[in-house]
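Some structures to go through are shown next.
Each of the next two complexes has subunit A plus one other chain: subunit B in the first, subunit C in the second.
Our next item is the complex of A and B:
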């Protein structure tokens, strides 16, 4: 009896998601698209050329942080960052040699959670507060998180933040439609599941497209026809992933 | 038996009162400041250094707890009778150390009230889950063994037969607690400083040097302030264990330094550079690490030369040097250096905050108080049965 009910709910949920995908197929205005089937594997491609050209641009992370109620804290030691810009040499240490283009070394580009296929943060979390969804998105349940910060220790990319202080002590968070987190738990980029389910691309991608930069492409990389898939297979560009030697299989790709 | 802890000299009570002051300060800061404010302003922890002083103490104290095996093993497996009287002291030390370990995990959590989620929603792939399991397990094993053997000793009978397998279990379990604590660190691809197979052996070596050193000091204190004498032979043997373990520990450290320095791989080398020379101007740990190295050398000289080692005053100095050296090296040196430089190449500086230090002192005071109560009971009960059967005869 119980099983039947669960199966029904599963089927119902699946129908809703598929319906969302159909809607998205028509909504896809940019090169990014959200139209995954039941085996979607969401991924992001960052075009470094386009991103680095706009060194002073802050559109992507501002859009993300405002929508997700990520606080802007004064003390850099307690910063919460879902997506941010870091110098190239921090993203890919040791890639530019001493005779290389030193300017490129300094140029910032966007970094975020890599939504690894083999995420160390998920492995180390003692309470399964962070987990990988079937579509590859690595998310957090902030209500189960005990704040041990082992995931921060385990993440090789520095992509996770801990709420060292109360994020919204006496100010109203900017987006009342999105939950805030409390002091003492970890958070990170989520690839915007709340938007994927509606057939929309993540906030950062939307903001980048709106600004006419088009450095970010999001989509289902398991779909051979998707633009992210085509970009990572592009013949004329080198495609990098951060620290591939660690076997984490990041799903954020960088076009050099 | 417990009533023994309720009667004592003014010195006993003033020592307990002294410890209570630090416990109250620590508990007060934890409950009224850290719990309310969060870990941000009350500790030196930060985005790039998520673990610090608390976890450093945890690592050091797991070693102290594991070292009880160094008296249990010779006594129960090799029938080494001189350790007969020491076993219960070692087990009580382990229980106190484990209590402190659990408290250090608790005060380090961002949401301590949710701590039990580790057992309610366990993740068997997480080493922190396993570390909690083995630490709790070792706690109960030692509590059962210490209580049963001690109760039997008091009654002048052999402990019940079912205790024996638990005692044997405690031996590999002691090794496991420190191995799993090392695995907490050494299985993380993103932290090259810890990514070394020798971390667990090194942890065990430093544990078997620092734990027995502490036991030597405690034995001498017990002998000085009570009528209970652990015996010269036992202390001499402990000093041998410390000597070998410290040699191994230093050997393992040299292995690590060589591999990092000779290979020259930046992400391995940078951490050692930070540790001993400072990195990009960040050098808080440098004086501490050289102090640790110096203390290790002094300890080694005092331990290796029999003339010094066999003289109690020198042995005390050596034991203090071993403990201090390992406390620095295995605590802050081991934990904080893993984060500097960070995976993104930034070089954070970490200094424990005042309240962090005082909460740590408070936890140590709780451990010291537990240890005092346990040792009080143990020595009083034994004094009561003065010249009762020698404890050797209660060997299971």
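Our next item is the complex of A and C:
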């Protein structure tokens, strides 16, 4: 057993793919909006007013990272994150001018994988380790990941992390029910398919609700009656998506 | 050209010798697949508690006789890969029929609901390691014998 499936895929992947594929990721964006029909289209709405009010809150990402065994590594170069908080001006660069609401600019809000309808990470992946499910969730299949990191380059939101070191050298992650990752694979937010299938909302949403903040709403945006759909259509709030000009059609919406 | 007999005798004895392991196995009924008693004891224990058949069923007759579950021995690697793709790529998490309770969910075994999963399925029944032991008792009993070391445990942690 000298050659594992992963080793083989690694070699095959590098041979097949040329660097040009990263560049071509943004080409070919079509204008039609996906979704509709019987299949759900999962989406997240972040209420910035509520989220930013709790500047020091870490409930959402702690819940997620504990449940998914995301390590808390000391070296910032090795950092792994699925969901984290960033200042508004980093999430929406250029949205607040010199004379805008300068205070809000610095307040952190939650960011995660946008589960794009037109995900560039999926297009560049040479082994199809990352793919878009029918319900729109963009997931990583860690079994197929060869660690080429094209997806990290392809993702315009920095939503993906690479395991430069063994994340759990002591083999004692917090949640024994969920697999860890190993050195040499990429990981990211998954919208918790293991919970969606049971009709539960993702860990971050649950934690936010439990804390009484209610900044995160999750649901099927293709359903006209769903709460996410109503929030996104709300008349009194501005609804933003991150870097919409890239044509990735993110499915994480921000209510300003 | 008087060596015909010698050549034939030589050929025949060569064939008999090289194929002898097969004949011996058939004659003695040896089962290569169970290198030691660990697997045997585990299987006997599981057939009594919790009594549910494994992920792939063997025939009732063989089961009653306490014979090895050939289906599992031969196909468990392929089955695991199939499960992996079904769960991760297709979102299909339905467990085999005989593991389901009335609501179609996995039954509770040893305080844990069976899932279509390596650590949350197979290893709920097939105990991992005893406290203080470093090997996965059941799985590794065979794998050490055939000198393979599945890399699954790099990520699928087991308490």
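Assume the second predicted complex is superposed on the first by the 217 of 256 C-alpha atoms of A that agree within 3 Å, B and C clash if a C-alpha of one lies under 4 Å from a C-alpha of the other, contacts with A are read in each partner's own complex, and residues count from 1 in each chain.
Here is the rule we go by: a residue touches a chain if its C-beta (ideal position, glycine included) is under 8 Å from a C-beta of that chain, and two chains touch if they have at least 3 such contacts.
Note that this is a predicted model, so its numbers are computed, not measured.
Peer 1: Should A:168 be classified as contacting the first partner (subunit B), the second (subunit C), both, or neither?
Peer 2: A:168 sits against subunit C, while subunit B stays out of touch.
Peer 1: Answer with first, second, both or neither: which of subunit B and subunit C does A:79 touch in the superposed model?
Peer 2: first
Peer 1: Touch check for A:153: first (subunit B), second (subunit C), both, or neither?
Peer 2: It touches subunit B, and subunit C stays clear.
Peer 1: Once the shared chain is lined up, is A:217 touching subunit B (first), subunit C (second), both, or neither of them?
Peer 2: neither
Peer 1: According to the stated criteria, A:243 is in contact with first (subunit B), second (subunit C), both, or neither; which is it?
Peer 2: Touch partner of A:243: subunit B, not subunit C.
Peer 1: By residue count, which of the two partners contacts subunit A more extensively, subunit B or subunit C?
Peer 2: B
Peer 1: One more residue to check, A:93. First (subunit B), second (subunit C), both or neither?
Peer 2: First partner only.
Peer 1: So, A:133: does it touch subunit B (first), subunit C (second), both, or neither?
Peer 2: So A:133 only meets subunit C here.
Peer 1: Could you say whether A:177 touches subunit B, subunit C, both of them, or neither, answering first, second, both or neither?
Peer 2: second
Peer 1: Should A:226 be classified as contacting the first partner (subunit B), the second (subunit C), both, or neither?
Peer 2: Neither subunit B nor subunit C is touched by A:226.
Peer 1: Both subunit B and subunit C contact which residues of subunit A?
Peer 2: Residues common to the subunit A contacts of subunit C and of subunit B do not exist here, since the sets are disjoint.
Peer 1: Show me the residue ranges of subunit A that touch subunit B in the complex, using the header's touch definition.
Peer 2: The contact residues of subunit A facing subunit B are 75-79, 81, 86, 89-91, 93-94, 111, 120, 123-129, 144-150, 152-158, 161-166, 183-186, 243, 246-248.
Peer 1: Touching residues of subunit B toward subunit A in the complex: what are they?
Peer 2: 37-41, 45-48, 50-51, 105, 108-112, 114-115, 117-118, 120-123, 125-129, 132, 184, 188-191, 266-267, 338-339, 342-346, 348
Peer 1: Note which residues of subunit A are touching subunit C in the complex, please.
Peer 2: Residue list for subunit A touching subunit C: 1, 4, 6, 69, 131, 133, 135, 139, 141-143, 168, 171-173, 176-177, 179-182, 193-194, 197.
Peer 1: For subunit C, which residues count as touching subunit A in their complex?
Peer 2: Within the complex, subunit C contacts subunit A at residues 84, 88-89, 91, 93, 118-120, 147-149, 151, 154-159.
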